[in-house]
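One chain, chain A, appears in both complexes that follow, with chain B as partner in the first and chain C in the second.
So, the complex of A and B:
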């Protein structure tokens, strides 16, 4: 029973962090209509930033979080318009071209990081690393709690931004119907750049947290891309609220398979579930609007 | 009729050169030529579904790996089948898998289909890694057979057959028109009475089966396979890049892209060894092609010819586009 509760808790805490970057992923899809393969690349880049700031400059990993947001937010802001142009170009199949572009970007990031930093794994040093708290029979690693709190803060901030500001209103309107939004005076192109920047920044922040909890190497990016896809498929592409539920579910599934079956089966279980969900309900289980 | 003759002669010349190649070059270059033929064939097999039917398959390595594993398992110590007997077995197994996987996933559109096929390939790689009978992560060996000429001609035959099938089915038959119609507008194709589900499934199975044949020959050629070497995502990545580079949905595009990229791969390999740098180059190639050359090498070629209105236009049109309505 203790093991069960411990697994559940671990799963929920990790699910919270997964939720942060999948919410951004869903937002980017809602506005740009592009499935971003590069999502795992941003996570890993964030993790490396945290590692280099910690190991190179001696700065605590948590301080890397705002830096990651600004740096990768700016980079995303520059990439956004390119993606927008490809998605709305006059080629025969713009959606496939955009998909191929992010796929290429992901491959480029992965190859570049492998070339520059090699296959070694690193972890982001923080003040809370290795500390844990005993609650009854359960041990709670503090770094996971802190990460979950950060994740909730980031998600909460994003929801406030989306539902309490005029700019958030414009984003939601664009996701719902871009033509009408454009007629109401929203500059879709510039908005797309902002949203992609926002998404890249949030994803990199989640990457710092992931790097502190687990560790980071260029090959784990694929895993996070899979997580984002899993959540997106379960929640329905573009659904932000559903992503929250689906991410927690994913965290729990992964924790339970890793504990009770074996961690080498966890990817098999996730891919298998993803495949089955797609077959049973091709447009997502938890379908909701933005 | 003149340009048709020119193309025909060019084709004959290419076949003669390729058939005589083993007598002209040493084993080192023969191995490179064998690899180039394999990748040209694999790119063509991916292009059947990706280019002609417009369904992006991000898990095509699954079928390459299935062919490789069936041959490896059947030729192993316990069963010791002869190589050519394993080919039909691999084809049957792959076709069954393709039907079981394709029937439900082909209902999915666009990105969802890409994700589903990708997930399927990853399931297979994980499965092959944890199971005992596949040898786990360590992989399995095959009885070694070191006749470079045999493998060259096997790949040559498989590639030639793949291109012949593609030409006959997708460029020269009603089936090809149906496939292109559903690519360009699926509801409209359905409305004029095309059984799109069936046509998609047929294309999917054909594309899967051709990939599995290359997988089988590859396994026998390298005599040792493991999950990463035959199911790995890098294999799919390469096919996608080759087709994009050569030209999506054209007959000769994948051959051009496949050979070009494979030569680049070998050059990098010669100078830097097995390096991660190649992955970065692959990625950069995809990005650059999407941004600056969305129709690939074949598209660039036919457009330039169309501008000058030269005789070659018709020749290339016959080969590449196959469309009748090109204004001259």
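So, the complex of A and C:
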């Protein structure tokens, strides 16, 4: 029974960890209608910022989280209009061109990091790294709890922002119908830049946590891109709430399969779940977008 | 001012074009007759991008150290003359199929005389048929999977003993040194060729050492390790053994600490000796055991690099890190090529027949180097592998890699059992 409860806890926490970098991805897709393959690049950039702030300045990784949001949010805000222009150009298949652009951006980020910072694997030092709490028979890894709380806080914050503010209303209106939103006076270009900046900032913040939980090197980005994409498809592309539910579901499935069937079957179980959900509910588990 | 006589008439243009067209096929013959090749060409296939980039660059550093050292002395000696070595690189992108393509490009386009093998065993296995097809010898300074040698590769030669000959032996040393004596073990292997076979080596070695294997888990390289560590923690084995490359090894330690689980001994194979491992984990790396077939403290030496210590100093100066056994084995691969081509007596511009003869010369290698003795097996499951080096059990103590067993090689006592996490 103890192992069962520990496995459930592990699954929920890894689900929370995965959700941290998937929420922003969903937001960007909902508004920009672009599957952003650069998501893993933003995660790794956040991880490196945490590492260098820790190693260079000696500050705790958690202090890098707001810095990551501001720095990469600003960079994302500058990149957003480029993506918007490509996505809304009059060339044939602009959605594929935008996809190619984000793939190119990912390759550029990966290559740039490799050149600038080398290939060694690093960790982000935080006050909670390696710390755990014993709750009865359970061991609770605190850094993962922090990541899960972060994911819930970001999802809750985004929910309030999207449903309780005028700017959130504009974002939802744009996600629903861009032309109508523009006719109502929404500056779509600026809004797209803001959303991409928000996404890049949130994802880089998640990257600091990923670097603390796992480790960071320029090559791990692809893994995060793939996981974000799987969770997004399972959740229904564009669904922020669905991302949280889907990530928790995948985390729990992975943990139980790894513990009770065998770790080598965990990816098979994840793909099998994805396949079944797409077969039964092609729009994702929550069946709605942003 | 141009006159009519100097103008390039259409007739003249057509005549010159026809002449040039007719002379085109003669080009290679003219080039072969006129050009004198003055350097040996060596091709390096390794992971310069992708998930194995760290190890890939480590192998490249080793091969480059040899090229720089031998070129600084004027080059490889053949019949009293010295010929420099040009290095060509192919990136396998951490993908075996891409490695095979890169090898073919190096052979066909760059016309290399010899190949230096990839970082991973998976890529090495994929490149072997290309070497066989073009009959170009390859010296592998990194591959450790026994499957590389079970295929009996005619053109591939390995410097490091296969993991099935080292993992089990080291585990037996660890079990023997443990006090109170270890009784149980859990084995984790990352599900890819080298790591899986390392796991199998530990599992089989455990049985021979009289340890009870309470869990044997294969994990995907990109998977979360929390479930498997929780499961093993519930079984509370004395020893945890892990087969994997750098990043999963780092994550095993981090995940174990986050779950407040510390076995009495943690042994890994390759990766622990890489300085990046201790750097990434800082104090948490302390106590981790590993297996090494070479250390800078060994007493071997050769004419090019000098002693093992001198080689280590040279590598440290170059990269800022103390070299591990893979980097040393890669540098020693060049020594094998230099010795073979010297015995062969063929100058640069090797013909296809010369390359086959070079393969036979490499097979007959029997030399002493700073890395240790190198002599390739001529039959059996380790065909063309150098199984001469004796594995040493190492442990990270105070951030440094020190030999702890067997007793005759030990520079410090094994820390056992490991203290609880702070």
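The rule is simple: the second predicted complex is superposed on the first by the 258 of 290 C-alpha atoms of A that agree within 3 Å, B and C clash if a C-alpha of one lies under 4 Å from a C-alpha of the other, contacts with A are read in each partner's own complex, and residues count from 1 in each chain.
Criterion: a contact is a pair of C-beta atoms (placed from the backbone, for glycine too) under 8 Å apart; a residue touches a chain by one contact, two chains touch by 3 or more.
As the structure is a prediction and not an experimental result, all values here were calculated from the model.
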item	value
Which superposed partner A:220 touches (first chain B, second chain C, both, neither)	second
Chain B versus chain C as contact partner of A:259, first or second or both or neither	second
Touching partner for A:149 - first (chain B), second (chain C), both, neither	neither
Chain B versus chain C as contact partner of A:272, first or second or both or neither	first
Which superposed partner A:114 touches (first chain B, second chain C, both, neither)	both
Which of chain B and chain C A:160 touches, first, second, both or neither	neither
First, second, both or neither for A:91, with chain B first and chain C second	first
Contacts of A:82 with chain B and chain C, given as first, second, both or neither	first
Partner chain in contact with A:103 - chain B first, chain C second, else both or neither	first
Common interface positions of chain A, toward chain B and toward chain C	114, 218, 264, 267
Of all residues in chain C, those that touch chain A in their complex	49-51, 53-54, 56-57, 94, 191, 217-220, 222-224, 226-228, 230-231, 233-234, 246-247, 250-251, 254, 257-261, 276, 279-282, 284, 421
Contact set on chain A toward chain B in their complex	35, 82, 86, 89, 91, 93, 95-97, 99-101, 103-112, 114-115, 218, 222, 226, 229, 233, 237, 264-265, 267-268, 271-272, 274-275, 278-279, 282-283
Touch list for chain A against partner chain C, complex	2-3, 6-7, 10-11, 13-14, 17, 114, 119-123, 125, 129-132, 134, 139, 141-144, 213-215, 217-220, 223, 251, 254-256, 258-259, 262-264, 266-267
Chain A contact footprint on chain B (complex, rising order)	54, 56, 58, 104-105, 107-108, 110-112, 114-116, 118-120, 122-123, 126-127, 129-130, 233, 237, 240-241, 244, 248, 275-287, 289-291, 294-295
